[in-house]
């Protein structure tokens, strides 16, 4: 479990964080959503012990020498060493098992090839992310913090990383906290969300509840969607095979039912969020 | 702590720039060796010109001992400069590539991590000096042979080969203390400035100013004795007729003290500073 | 008559003393000429204020009619002048010997004689010698050369019969050393005032000779 209470942090005259409190339980995947410069990375640095908060408390439960591991922004590795050498080095420095076998297990856990001996500078972004996670997982921490882990990844990379995060939470019962400015990705993987805006937590709760409250419409895609004339009641805007409608979470089930009755198949149904509502829930 | 020392040593010798620096130093040494030979011939001729009125000379003063002495004299700028660049890079690179963040997301004690860097930097500097000393001894004696050493320190002083050999060895050894001091200073600058270029500029400036201040009379006997920039030529004491071991010991202890203080300042600041 | 007597006495005295100086020199010369060759181990001690040099060892070999040859494995400073133990350079050309009288304060038998070469080819202008008339050898010499300045020799002998000295102090004048500044140890302070004061220096080299062999004519 990881939690922080009333965290404040100021850099000169810039208020990075103000009265930030959040928590994430064991086995949960929690998301922290915010625009660039909202304070996500600063909060993560405080949680990881890299930066000292001006006030507030951080509590991380867990056994062992290393309670928390993480990646801040891009994974920072020794580019002139290979993946095995990086893992061995980071293992050794914290007194963890640095044997060849242990390194192999770590590489396998994140889906990296065992036979690559070239330096990390030759790796793709996705592979570097995986290796960064492998380093973060050294010494079996109970919590994992991933700051913008999806940036720079292609769709396949995102999918693979999602799966890895799922597996870690399910199988290892790790507490995982992920930050991103891309809510679409977080909404599929996180059970809980906290929204941060201008250094303050503006909303926190179950992902579905937060998204439902901010949904102003849906984008439905399907080859016959143009034929669904009833959609015009919902201020439909059609673009090719996709139509964006204004509808609430309560209405979408009925809309999908009507479409199925008309034999109109849909390939995707993505909510359209009211970002103002998301980041400024008090302003309605 | 031993683990951290091993890791720092491992990282240092896995980076190509370390080898570029070593090769660079050897290349500079070769140039100095050649120029010392040609310049030395002229200088000896000038120095001995008016002795030639009164004396014949038996034996050759352009020998390995003299060449090593010239190499030693030319040591005290380019070697510490290269050391400072390599050593400061041990930390600035980690700041710039953010591997320092990755390190401190592991359960590693900050001051111990930096202390390991200080220790490895110091040992590396000593190793460089030993390497340069060894190569200069082997090459100089191998090519130019043994012989008496003549130096000018308020008069001409001649040392027989065996005596000269030990004085040159001691000069390298005690001179390495000065180089270790500069290395430690550069690492402390790296703690303060974090960026490579800024650190290099400040370190180079520090070296230049120290070299210039060496010749400045501070007007106070005590300050002339204890100011850190006055201690960097202690190696020259070995080329006085009688070696003043007391003065050398005092200077070395003082230099060690300054090195330690600089290290402690760096450790304190690093421990207090946030990472990232 | 009285005056004539005094004049005769004076002439006798002066002619007698002139003969004594020349005779003394001849005696010494003949002794020195008896040395055909010698081989000696030398220890050289340099006593010059601005030169610090450890004592050096060398070997000296001499053959009559040739210069003394010094050889050494170390670097040694060999004085250009003063190694002519046979003083052959002084007696190479015709000369006039002038009696300067006895030396006060020494063991009674020392006589001061000046050697003036008659031939302009000689490379010295005047040489002042102290001769031990009893032991028939030179104990001190001051030689004013035409080109190489003045140097003095102080000779010490092992016993009353020895022809060759075992200790030889060669003293000479030296000019200020000119040192290129960039030769100096990188941070040596050059004391220019001190250097200026020591324009004319006197140096001394002491040679201690241990003879391995001396060949003489019978």
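Per-chain residue numbering starts at 1, and chain names A, B and C are given in the order in which the chains are listed.
Keep in mind that, in the parts below, a residue touches a chain if its C-beta (ideal position, glycine included) is under 8 Å from a C-beta of that chain, and two chains touch if they have at least 3 such contacts.
This is a predicted model, so every value here is computed, not measured.
Counting only chains that touch, the fewest steps needed to get from subunit A to subunit C is 2.
Closest chain to the protein centre (all Cα atoms averaged), using per-chain Cα means: B. Judged by contacting C-beta pairs, the busier of the interfaces B-C and A-B is B-C.
Subunit C has its Cα centroid 102 Å from the Cα centroid of subunit A.
Here the spacing of subunit A and subunit B, counted between their Cα centres, is 51 Å. With touch defined as above, subunit C holds no residue shared between interfaces to two or more other chains. Annotation for subunit B: no residues touch two or more other chains. Subunit B meets subunit A in the complex at residues 3-4, 6-7, 10-11, 14-16, 97-108, 113, 274-276. Within the complex, the subunit B residues that touch subunit C are 43, 46-47, 49-51, 53-61, 73, 76, 147-148, 150-161, 163, 214-215, 233, 236, 239, 241. Contact residues on subunit A toward subunit B in their complex (touch as defined above): 45, 48-52, 65-66, 68-70, 72-81, 85, 89-90, 92-95, 132, 135-136, 138-139. Only residues 49-54, 58, 70-81, 148, 172, 174-180, 183-189, 191, 194, 203 of subunit C touch subunit B when the two sit together in their complex.
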